[in-house]
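Everything on this sheet refers to the single structure shown next.
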Amino acid sequence: MIELLTPNEFEALLLSLKISLTATLLSLPLGIMSGWLLAKFDFPGKGSLESLLHLPLVLPPVVTGYGLLVLFGPNGPFKELFNALGLELGFNWKGAVIASMVVSFPLMVNAIRLAFEAVDEKLEEVAKVFGFPPWKVFFSVSLPLAWTGLITGSMLAFARSLGEFGATITFVSSIPGETQTIPLALYGQLQVPGGEASALKLCILSLLLALTALWFTRKLRKETIR
Amino acid sequence: MISANLQKALGPLNLDLNFTITAPGITVISGPSGSGKSSLVKLIAGLNTPDSGWLNFGGKTLYSSALNTDIATHQRRLAIVFQEARLLPHWTVKKNLTMGQKKIESFDKIVAVLGIEALLSRKPKHLSGGEAQRVALGRALCQKPELLMMDEPLASLDEERKEELLPYIKALPKKFNIPILYVTHSTKERNYLADTYYFLEKGKLTMQEKSTLTSTKHPQHLQLLSKVR
Amino acid sequence: FVAASALAPMLVASETYGKISGDKVVVSGAASSTLARQIERGAKAALFLSASVKWMDYLKEKGTIESSTNYLSNQLVLVTNSNNNFTGANWPHDLLKETGSSRIAMGDPTHVPAGVYAKEALVNTKVWGKLKNKIAPAQTVTKALLFVESGISKFGIVYASNLKLSRKIKAIYQFPKESHKPINYPLGLNIKASDSAKKFYDFLFTEKGKKIFKNLGFTTND
Amino acid sequence: MIELLTPNEFEALLLSLKISLTATLLSLPLGIMSGWLLAKFDFPGKGSLESLLHLPLVLPPVVTGYGLLVLFGPNGPFKELFNALGLELGFNWKGAVIASMVVSFPLMVNAIRLAFEAVDEKLEEVAKVFGFPPWKVFFSVSLPLAWTGLITGSMLAFARSLGEFGATITFVSSIPGETQTIPLALYGQLQVPGGEASALKLCILSLLLALTALWFTRKLRKETIR
Amino acid sequence: MISANLQKALGPLNLDLNFTITAPGITVISGPSGSGKSSLVKLIAGLNTPDSGWLNFGGKTLYSSALNTDIATHQRRLAIVFQEARLLPHWTVKKNLTMGQKKIESFDKIVAVLGIEALLSRKPKHLSGGEAQRVALGRALCQKPELLMMDEPLASLDEERKEELLPYIKALPKKFNIPILYVTHSTKERNYLADTYYFLEKGKLTMQEKSTLTSTKHPQHLQLLSKVR
């Protein structure tokens, strides 16, 4: 299999995997928190939070990418923060992770939110009665009962990250070995007359990754033991 | 010691609870369906916030609208047998009983008296109605709470099992030195268990004299019973 | 259909022409590759102004377009953010030195026409070897421009016509014409084009038509 | 408000609305069916169906668009079928609807699936016992109880359609008044000197549409009366 | 007439049901918790598929593993009062009672005897345990099924209400000319209602003689009862 791939394609594969996985895992804690907040609480500004979360879904990816460029670029408002952290996002894979996270976040949050909404409050009450402090109620009751939502949400985010193109290429460009994921490489191949063969190969790679993710998701779903 | 003065409007029902339980032992609460018994349990547990009033337990103020105090449920040190079993579906029966605690005193005893030895490794989904209720009862018995509340804990058990459990429950207050609030419709259970007996009707609690315990409030029962037997 | 980089003047041209003739011209702008594929697949585009000769040839091969003329040409410039005070005086020394850890924004040299020309120019000025790992290959020239605008790239190589897109950009060096192949935008007429489409085609070659493109930074080939 | 918009922008707004709404409404029946099948049944080929549904999420939109162009374009294999139906998808708003549907479908299906999974089977059993034939069980019990999922799914699909760019521009190009939705117009404006003002306006338009959709969603959610 | 010979393995329990109910009237089924009573109801309803055997009802074959027959639940013309209320949460009490039908005969009568007049426009979420159970009972009574099955329908009702409902239930078979399968743990209910009485233990049904109805199978009950009273 590997021999069938050019080094460039192989690099793109690894990069896609690395970026999508990192993005999904990094989003997860925040996604869980937001999904939970939206599902269980009414608070002032809930509407605004909801809107903000859905922004990247509604805006064309180019705009999202442009927004990221303005926000996280060297003249952006977070400049000092990132400098202090020693984090540089421009033109590297970390930037691609950010782009993927932003773009796939709404999908993750909505799945998780739906799952939390379906958790029976009466079961959470039981845990409270038996002395579980709120954090323990959350981790031992709410979260496990929202399991399918977590899985679905992560799968959606991972798949969306794998397919992420517009925001990434706008934010961190398409540098082979650094930010050129499968979709970007694929796009490049489509721009060259006669690049279809390689494009098809990359397409199939994407699909294989996605199938693996789906297979994995099915396994994990089965673990749900209601 | 529990003393309370709590008000809560529930749809058309105005709960107005005013009681002091000084004696240890079992306080039985009866009353027609919809009179507010389960709601009373929830109010004491802090699962429902009263509209006004106060609630003291063992010298602590658990709730007071005047003082703006409202101790969170998980700090009230309770155990409840809910009217529905409310088992956690993702845990085995065993974990539901221990609620994740490592050591449970007289765990084997409790399991034995409830007859649930064979169920320990099952998931709640595969339990029968009575089995689930027994596990829910066991869960409460495994705790060492400062107050134990039971909402018709024996309703769906067979009579044999009930007869076995009643003496066990009756012995609990002395054994662990805790008060029990016991909600039931059954005259039999009430007569056997009650140290104090309250009757709840249309949201109002009335203490019943000890002497009324052996007779029954509703002559109609006797009438029918005589017909049946 | 018109390559995205030449969309602006084409819009003006179509509007002007619409006023003169009363015919409505519909302009659709996207990447040349996208448009070429759409035409191949049966899009009813009468005219195709491509940013690259390659895609025009591709369509000619497929027989959808008979012939084309190099209608426009363009120039390559080195740009920087207007806040920077670099000049082109020390070309290419400054470029090498000042790029530092940032990257030079340009079209992707593997397929974006502007990038292809830019690479050629750098190769010919003998700096490509040192810079090839320091470029940011953008999806389109406009996006390369964005990189410079946002400051994430210090330098960028774009078309002269792009300068009109942003006030935050200044050109500091114009690549000499000899440093790269001529930048041509071939204009082709679909074999199925209607007569009214042909009239617009002709209009583009009038002085009036050409002036529009010149105003927006292009050179027209006579 | 309307006076603030150029005719082009106004056209793009209407087009976006029309395309997104049509796409969402057309997807809904199919989305409900697929979500229900995936949630409630195990059948051979379930894995394949799942993978197929997620394809458009994993593939970069450009590829999806290209695939659509090849499949449904004027020279595609379904040419005769479509001609017979009097349906022409190439380079018109109907094609844009198809692109939006394909791209947003996975989001819709997953939300609906999660909701169906959360419906208590015991309640469906009740309906069966009381003589409801399967279709009636579905419409009077399963569907109403999956309500939040339907709403969330539709909202996600609508939002995704509003933001849809890559597949659309590749499949049906960017023809003003016909296929040039807000994102495509926005993209065009970014290519035109001095287009930023208009681009910003279009951005805000997108957001307003999305906010309306979210507000609507919240209203509909509240109707859930479990 | 119901006759059945059904086998079903449920975890450790092997249900092996073999019975013929020819008489109309009420057939009471008792048995310890976990003996398979609710499972029996589900098997007859077709909510659970037997492993093997057959089931005839009123001359029709509802299930037969040999003939590969399995009439769908919704065509079996049943009504069930489940052990849990199982009300549809998105419908009002009224709609839960009528299940969407326009005209229900003696609707007002049923509502009155159950004492749920005041609840008709409420959603099930806001009902007390006993209220929900009464609505579930009412839902079954509003149907005109060919077979009515009740799984501990009175378990969480107060005794007064029970006494009112028992005669009503007893009169049903004659009134509508249907058989009733009645699951209960209560000796009192059993004695009052049973025309036929089966005891289920460890998955096996045994018909009890009429004469045993007035005595009780478990002397322990009497013993304790005497202690309590």
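Letters are used for the chains, namely A, B, C, D and E, taken in the order the chains are written, and counting of residues starts over at 1 for each.
FYI, contacts are C-beta pairs under 8 Å (C-beta built on N, C-alpha and C of every residue); 3 or more make two chains touch, one makes a residue touch a chain.
Note that the coordinates shown come from a computational prediction; the quantities given were computed from them, not determined experimentally.
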item: Fewest touching-chain hops separating subunit A from subunit E; value: 2
item: Chain labels contacting subunit D and also subunit E; value: none
item: Farthest chain relative to subunit B (centres taken as mean CA coordinates); value: C
item: Dominant interface by contact count, named by its two chains; value: A-D
item: Chain whose Cα centroid lies at the greatest distance from that of subunit A; value: E
item: Subunit A and subunit D, separation of their C-alpha mean positions in angstrom; value: 20
item: Centre-of-Cα separation between subunit E and subunit C, whole angstrom; value: 81
item: Subunit A and subunit C: spacing of chain centres that average the CA atoms, whole Å; value: 34
item: Shared interface positions of subunit E, touching two or more other chains; value: 84
item: Multi-chain contact sites of subunit C, meaning residues that touch two or more partners; value: none
item: Shared interface positions of subunit D, touching two or more other chains; value: 62, 66, 187, 190
item: Chain pairs in mutual contact under the definition given at the outset; value: A-B, A-C, A-D, B-E, C-D, D-E
item: Subunit D to subunit C touching residues, read off their complex; value: 62, 66, 69-70, 73-76, 90-91, 169-170, 173-178, 180, 187-188, 190-193, 195
item: Subunit B partner contacts - residues on subunit E that touch it in the complex; value: 11-12, 30-34, 36-39, 83-84, 118, 122, 126, 128-131, 134, 151-152, 155-161, 163, 166, 185-188, 191-192, 214, 218, 220-221, 224-225, 227-229
item: Residue ranges of subunit B in contact with subunit A within the complex; value: 45, 47, 72-75, 77-80, 82, 84, 86, 88-90, 99-100, 123, 125, 139, 143
item: Touching residues (chain side subunit D, partner subunit E) in the complex; value: 122-123, 125-134, 137, 140-141, 144-145, 147, 225-226
item: Subunit D-facing residues of subunit A, complex; value: 47, 50-51, 54-55, 57-63, 106-107, 110-111, 113-115, 117-118, 148-149, 152, 156, 159-160, 162-166, 183, 186-187, 190, 199, 203, 206-207, 209-211, 214-215, 218
